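We just call them A, B, C and D in the order they show up, numbering each chain from 1.
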Amino acid sequence: MSSDAQDVRDWWRTSIIDMHPGVIGFRGYPIQELIGNVSFPAMIWLMVAGRLPNSAEAELLDAALVAGVDHGPQAPSIAAARSAVTCGLALNNAMASAVNMLGDVHGGAGQQTLELYYDIAARQDAGASLEDATAAAVADWQQTRTKFIPGFGHRFHKYGDPRAPRLLELVRNVAVKGGVSGRFADIGEAVEHHLGAGRSTPVPMNIDGATAVIFAELGCEPPLARGLFCLSRSVGILAHAWEQTQQGGRNKGPVPPRFLYTYDGPAPGERTVGSEGA
Amino acid sequence: MSSDAQDVRDWWRTSIIDMHPGVIGFRGYPIQELIGNVSFPAMIWLMVAGRLPNSAEAELLDAALVAGVDHGPQAPSIAAARSAVTCGLALNNAMASAVNMLGDVHGGAGQQTLELYYDIAARQDAGASLEDATAAAVADWQQTRTKFIPGFGHRFHKYGDPRAPRLLELVRNVAVKGGVSGRFADIGEAVEHHLGAGRSTPVPMNIDGATAVIFAELGCEPPLARGLFCLSRSVGILAHAWEQTQQGGRNKGPVPPRFLYTYDGPAPGERTVGSEGA
Amino acid sequence: MSSDAQDVRDWWRTSIIDMHPGVIGFRGYPIQELIGNVSFPAMIWLMVAGRLPNSAEAELLDAALVAGVDHGPQAPSIAAARSAVTCGLALNNAMASAVNMLGDVHGGAGQQTLELYYDIAARQDAGASLEDATAAAVADWQQTRTKFIPGFGHRFHKYGDPRAPRLLELVRNVAVKGGVSGRFADIGEAVEHHLGAGRSTPVPMNIDGATAVIFAELGCEPPLARGLFCLSRSVGILAHAWEQTQQGGRNKGPVPPRFLYTYDGPAPGERTVGSEGA
Amino acid sequence: MSSDAQDVRDWWRTSIIDMHPGVIGFRGYPIQELIGNVSFPAMIWLMVAGRLPNSAEAELLDAALVAGVDHGPQAPSIAAARSAVTCGLALNNAMASAVNMLGDVHGGAGQQTLELYYDIAARQDAGASLEDATAAAVADWQQTRTKFIPGFGHRFHKYGDPRAPRLLELVRNVAVKGGVSGRFADIGEAVEHHLGAGRSTPVPMNIDGATAVIFAELGCEPPLARGLFCLSRSVGILAHAWEQTQQGGRNKGPVPPRFLYTYDGPAPGERTVGSEGA
């Protein structure tokens, strides 16, 4: 092989998949051994983290992926997916336009929460109590990032997101048996407690806060949390795009056509081409 | 509620998800009951097909999703995802550019294979034998669609795609126990047999042919096969995007920069602005 | 150079751009000669069609690009772009989600109209009169494609799209001076006349019908019409995404949050996990 | 109109476009007056900035848009567009996957350069000389952002990007006549001079540095620079996607298939499902 060929091959170097005619291996496991023996969530973890999860970890990851699939057509990504198929797009294209929208404000919340949890853990490792570490990390976040703490509170589920306590319960069940440490369930609940202290209404953990507990128990790096959320929410995106395909429609906009949007600029004809020198 | 409000609400009508503060239900199941009790593949099926799969169906869908996660960085979608993160994109954006590419030529193969299988089944239902139905459906496909039969043969795994026989084995195991009918395993193998008859080398079933068997056993409508493949391949897309993030790089193009592409047009300066009237 | 290197270089062969350190040429023109001497529309045509347009062609292409920039936030693509920036996406990502939506039903109309016009022209070339060619091509379209004729009629501008007559006027002005043939203005108007004949209300040419006249006068291949429309509409997409950035908002959905969508499936709790065997 | 209807209409409030049946106005100008009287670059500026540019501004914006259309198929975005069409995507979808990639590292350079120029101008306004303001702003950038100064130097055009001096020449020509101030040409050149001082090789202004001069002369806000670049580069993306469509190909990966990528993980079979507890 020429050094040219070697350079070209090395350009796309990976340790994820090995392929030869008739052979496919993922991180050392032959594909035919994975199929049928490893669950889809476990396979996801093998792919992104390089190792198969233990059964407790796989169970929790499974739960986190189930929990995040959808939050209705009022979400920008879901609305976009539904509109997209009415513009003639195939499902892969509709999914792309929608997944693209899971940006910092939406898909990024889990990533941010994970950063917060790890900061608290690091402060504990440096000797602080859970309460002090939590208070310090929250204060630091509010000073250097945003007043709003990601992973807590919900503009729709004001008195509690039904997904969060169920996910925490699963983490606790598994931690009792030693499958995971449970450390980040403590941290998540400490944040919730800290945020609600002295307020008339609590600031309950939301789905991002709860899935971040699970991702942290698995040792997930923060940016990956966004990717895992994208895998989960892709399911809702697909389901809505498919339902809309069956409902039909052409160029479905955000509101029924009779509700023309409000225009607040100068009326057509108030300005004339010429004086501007264009 | 005004009729205006009703119209607006109805514009986004869905039967997938019901939400009230503190309550989320998917197709009639409260989310907290699904979390921890239903696997991610089963949840996928509930979302797209409207019903929970039986355990045999869930097992097969799980296997199909595991099987399709990745086929290496030479695939356009995977290369695009890896390049995208080196352009400064977050994982959701990299995934979007890549999933978008799972078009007719790639993500569409499963959809097409499903159409072929259903055509064979319909011909059987109309009285033809499996062999005759297969021969007629294949001939019809080659006349009206493409000479190439989707789901069979592979330009890399020339003597057999290791994923296909393993998936078929699982279908057979489950069919013996009555979990699925096994009818489409018969149909898939009939196509394979038909295509190989009289040739020196077989045209073995590939992953699209094998996952289409599973999707057909579940009663999946053809366009959905593409969507399910997108969910599966999104895992490989994410894993590669994440590995590339860790490897680093800036504006990573398709080949190392020293391999400048071949230009085959007129040399710069051979043409001069003016005579064309621009 | 090794044959390996040659193969790699040839893999990305192009006749669009030549580059060496300090040198950039587009289809034979040095970039420094194009900058300042060639308008952006003329550059677009050089890039996609391989030649600089004459001044009449450049003027018409300019007008077509101006005409198509936007049709308001009720279009799915514009709404998606506006929502996208409120999800934390940068402008390039918002534009991507939106341009992606200019599919067959929307961005494809110009492409289809061009196919219709060329079919009429081919029938003329084979000896038919304009009227007969038009009638035959329209009838054929309605039999083999859709009852709806692309490029004519508008669900909002029922009595006439203000962009179409202005574009036709420009084509006529230029044709008189010999800049273009004017043949496709005749064809477009023949279709309009044919569709309106015997109806109480006309079926006036819309923007897709009018820009297709211009693209046909330039000799544009049909799929390119979609691409040119994407360039034009990208302007509106960008303008709306930028206006929304300035307006602010977080996770802006299709309707104000208080208008919860209509759910028409079984109520949460009506179904229970278990009997399905999941 | 009910207050419900008003709320829905206001949700999509805009000052860009007004529409009624038969009427379209952009920021107060009737569309039929813009078509044929305003160039595409002038229309772009009207849409994004809310005013028509003067003729000098329009000429410079035109030049900036022409200059940035393409830099060859080794760019990730262009390679992605070309690959995308071989996966069966239509041009709008191929453009979307590609424009999406014009992220912080690529499309963001103009935006960053603009921020640098405005910082220098602000320091001048506060009383500093051009030289001092430049030195201070560059030092500040290198301390708080990146050692690399955006808009200057080029990894391919090491001794000078041919687009930059030509664009600067146009700015100077126009400034002499009073069309623009020329202030940012001074600032851009001051940065170039400062970066090259005391070095054996210069750090010449690149296309991002030069187009940022133009955008600054027009008063463009930094994030918009990225959007304008996306409009320009969309032309090259389209041209390459279209050329690839004509060349054909199926699932075109980054390198010819015979160059299998390097795998550097454990060999298939080295690991066995089981002990991990999956």
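Definition applied: a residue touches a chain if its C-beta (ideal position, glycine included) is under 8 Å from a C-beta of that chain, and two chains touch if they have at least 3 such contacts.
Note that the structure is predicted; figures quoted are calculated from it, not measured.
Colleague: Compare the two sides of the subunit A and subunit D interface and say whether they are made mostly of the same residue numbers, over half shared, or of different ones.
Modeller: Both copies, subunit A as well as subunit D, present the same residues to each other, with over half of the numbers appearing on both sides.
Colleague: Please identify which of C-D, A-B or A-C repeats the interface of B-D; the criterion is that more than half of the contact pairs agree.
Modeller: When the contact pairs of B-D are compared with those in C-D, A-B or A-C, A-C matches.
Colleague: Using only Cα atoms to place each chain's centre, name the chain farthest from subunit C.
Modeller: Centroid comparison gives A as the farthest chain from subunit C.
Colleague: Distance-wise, how many Å sit between the C-alpha centres of subunit A and subunit B, to the nearest whole number?
Modeller: Their C-alpha centroids are separated by 22 Å.
Colleague: With chain centres taken as the means of their Cα atoms, state the distance from subunit B to subunit C in Å.
Modeller: 29
Colleague: Averaging over Cα atoms per chain, report the distance between subunit A and subunit C in Å.
Modeller: Taking the average C-alpha coordinate of subunit A and of subunit C, the gap between them is 34 Å.
Colleague: Among the residues of subunit D, pick out those that touch two or more other chains and give their numbers.
Modeller: Residues 4-5, 8, 11-17, 19, 23-24, 30-31, 34, 38-39, 72-74, 79, 89, 93, 96-97, 100-104, 108, 156, 254-255, 259-261 of subunit D touch two or more partner chains.
Colleague: Testing understanding: with touching defined as stated, what is the shape of the graph linking the protein chains, line, ring, star, complete or other?
Modeller: complete
Colleague: Within their complex, state which residues of subunit C touch subunit D.
Modeller: 4, 7-8, 11-17, 19, 21-24, 26, 30-32, 34-36, 38-41, 43-44, 47-48, 59, 62-63, 65-67, 69-74, 79, 82, 90-93, 95-97, 99-104, 107-108, 156-163, 165-167, 169-170, 223-224, 226-228, 230-231, 234-236, 238-243, 245, 247, 255-256, 258-259
Colleague: Spell out the part of subunit D that touches subunit B in their complex, as residue ranges.
Modeller: For this pair, the touching residues of subunit D are 2, 4-5, 8, 72-77, 79-80, 83-84, 86-89, 93, 96-98, 100-106, 108, 155-156, 250-255, 257, 260-261.
Colleague: Across the complex, what residues on subunit C touch subunit B?
Modeller: Going through subunit C, the ones touching subunit B are 5-6, 8-19, 23-25, 27-31, 33-34, 37-39, 42, 46, 51-56, 58, 89, 93, 96-97, 100, 254-255, 259-273, 276-278.
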